[in-house]
Amino acid sequence: MIEYEQAGEEVRAVYDDIMQTRQTDWINNFWKALAHDPATLKRTWQSIKEIMAPGTLDVLQKELIYLAVSVSNQCPYCIASHGAAAKRAGMTPEMFGELMAVVGMANETNRLASGYRVEIDERFKSASGF
Amino acid sequence: MIEYEQAGEEVRAVYDDIMQTRQTDWINNFWKALAHDPATLKRTWQSIKEIMAPGTLDVLQKELIYLAVSVSNQCPYCIASHGAAAKRAGMTPEMFGELMAVVGMANETNRLASGYRVEIDERFKSASGF
Amino acid sequence: MIEYEQAGEEVRAVYDDIMQTRQTDWINNFWKALAHDPATLKRTWQSIKEIMAPGTLDVLQKELIYLAVSVSNQCPYCIASHGAAAKRAGMTPEMFGELMAVVGMANETNRLASGYRVEIDERFKSASGF
Amino acid sequence: MIEYEQAGEEVRAVYDDIMQTRQTDWINNFWKALAHDPATLKRTWQSIKEIMAPGTLDVLQKELIYLAVSVSNQCPYCIASHGAAAKRAGMTPEMFGELMAVVGMANETNRLASGYRVEIDERFKSASGF
Amino acid sequence: MIEYEQAGEEVRAVYDDIMQTRQTDWINNFWKALAHDPATLKRTWQSIKEIMAPGTLDVLQKELIYLAVSVSNQCPYCIASHGAAAKRAGMTPEMFGELMAVVGMANETNRLASGYRVEIDERFKSASGF
Amino acid sequence: MIEYEQAGEEVRAVYDDIMQTRQTDWINNFWKALAHDPATLKRTWQSIKEIMAPGTLDVLQKELIYLAVSVSNQCPYCIASHGAAAKRAGMTPEMFGELMAVVGMANETNRLASGYRVEIDERFKSASGF
């Protein structure tokens, strides 16, 4: 992992932007690992910064979605880091419990729908596409 | 698929509850397929009814999470049906676009974290567990 | 897809063995697609033949497991073909319904266990390893 | 994790039912983690109790399917806990070896079928749907 | 889907860059769908353009990896589009057959390693991390 | 895990072939775990030996694909062992960085294509099938 002190200029610029954007004074291991490949570090940070900024969905809603996908994919690091991020954004234990219930149920019904080979209803073909 | 007219009493009771709860007058194919196994139909509906009721997360937030997991799992039926459900609950095209961006990015960084074998930061071990 | 008539000697030998082993007079599309790569066709068939032969698990138990994994992975072709195979091996509609319920629940609890970051119980560390 | 001694009445009732149903005198970590959300604890236990009860599939067959899905999803906790459960239900080392071989092969052929974009055979469309 | 003729200036600029970079005169459906969200269209294209440019891995190697992941994830659109891209970059039928064999085997052994709960060898802990 | 010294004749023959083929003097844990089921050990080794031998893809290309799938599936053991294998075959840190970038992007666009329900372009239907 590349610590701030050993980092080159390009990496330091990303670290500085991460800390400023998040209003923190430390860098978590994910970025320190990516720093071995400065191009990926920079591109990934810029994408996340753009995607996770408040839009028509607020920061909490975005972090809940990020956490839900990470739980569904069973990624231990991402569950830990985005669990912390969601908590910082306002997720309470009750909200986490409800999120987990939805993620569990979605994983169950995804398989029920696929296993029973359910055909898409006519109304859904038109209704859900924007 | 079991239509209302051919359905037995147990299945009809579930269909009636679905239509009343959702304030609609039709049953989508997922339930008609599950109706071949009345025990699973009943249990799945009761679980979904309980889980998707407004709580500390509102209906829109829950539908966004349900849709995000279904997209991540690439389940065509569930993307169509929960896309429609999220839209009914207030999801706009802009919100869908932002949801998709988060789901895509989470799937990318989940693999980056796993592939770089990033260790969980000490702070995340304590901070995110409730 | 490579039909029997166009097939070379090596492919025909596999097709003949498939039909003899399964006591059928036709080849399903999976094998006709693999036949573009005779080495993969041969190796895959020999592995499946060895793995799916009755052992301490009988053919029905093995087909139920094969189908359960295919449903969990949401592979449309495999759900159709191994659904048919399981049916041939004795799976009734009631058994299929119970299998689907277990597959759905396993997918739900797999995410609950991962999302809640449940530590493995001491007893399971020793008890379940053979 | 919520231990029996600290648990409220609702949680204790579930713990008691788990121990009675399974004829054991302890609760594994999965339930102690879920107990943070008593509604999910209760619903999940009731669903599992109903689904895993002997039906047209016996307990061993159901545990083999549960374990197979957990291995396929690569969930460490679930592999450990359902490995132990399957063993209790009668799974021998030989049966576990055969289960693993089927799970591995299913994961291989699921990708072969998808990657070669194999079309579903006409016969499978009718034959496997109940 | 947003066709070139209906596209706004921002979207057209991306379409133009795609066609120039790829030396083609048409836009495939993926981009036309993303164009509903110009920010995601632009970010995704710029990331792909940067990632897929020749580096220490050449274009064919990168397309083989892209295709392998898409097959493993069983994404029909991506298998079709990146199959075509890999072919354009020089993938022969023989190479595709070998790629498929590796993808299938990796999916099999990934589950064998997880299901047997194989511990990481000491030598791999040091040897494979850069 | 079955060490060489405790292994029976059948298992030793596989171990010997592994060491000779790979020109090493040790056996990694994966094979020692599989050795509990000699039939699976032998079949898996013979398949891998055949699949990973140089063909129209060379050993490095095959190891890159194997590693990419293992990262995408988030299998910790396989990432470690095939990371080491790819390194032995010539993968540099720069190549690993580029591989990771492609794997991450493929996982992102796989979900974008599925979530936007992008239809396969006519040209891809014909162009990419061999």
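Should a chain be cited, it is by its letter among A, B, C, D, E and F, assigned in written order, with residues numbered from 1 in that chain.
Basically, contacts are C-beta pairs under 8 Å (C-beta built on N, C-alpha and C of every residue); 3 or more make two chains touch, one makes a residue touch a chain.
Keep in mind that what you see is a predicted model, and the values were worked out from it rather than measured.
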| item | value |
| --- | --- |
| Intersection of the contact lists for chain C and chain E | A, B, D, F |
| Residue-number overlap at the chain B/chain D interface, same or different (half cut) | same |
| Which of E-F and C-F has more C-beta pairs touching across its chains | E-F |
| Rounded Å distance between chain D and chain F, as computed from the means of their C-alpha atoms | 28 |
| Euclidean distance of C-alpha centroids - chain A vs chain E, Å | 21 |
| Distance from chain E to chain D - Cα centre to Cα centre, in angstrom | 34 |
| Sites on chain E at which at least two other chains make contact | 36, 39-40, 43-44, 47, 51, 72-76, 79-80, 93-94, 98, 100-101, 103-105, 107-110, 112, 114, 116-117, 129-130 |
| Touch list for chain A against partner chain E, complex | 36, 39, 43, 47, 50-51, 130 |
| Interfacial residue positions of chain A with respect to chain C in the complex | 71-72, 74, 76, 79-80, 100, 103-105, 107-112, 114-117 |
| Chain A-touching residues of chain B, taken from the complex the two chains share | 26, 28-30, 33-34, 36, 40, 44, 47-48, 51-52, 55-57, 61-62, 64-66, 68-70, 72-73, 75-84, 86-87, 92-96, 98-99, 101-103, 105-110, 112-114, 116-121, 123-125, 127-130 |
| Chain E residues touching chain C - in the complex, by the definition given at the top | 74, 93-94, 97-98, 100-101, 104, 117 |
| Touching residues on chain F, where the partner in the complex is chain D | 36-37, 39-40, 43-44, 73-75, 129 |
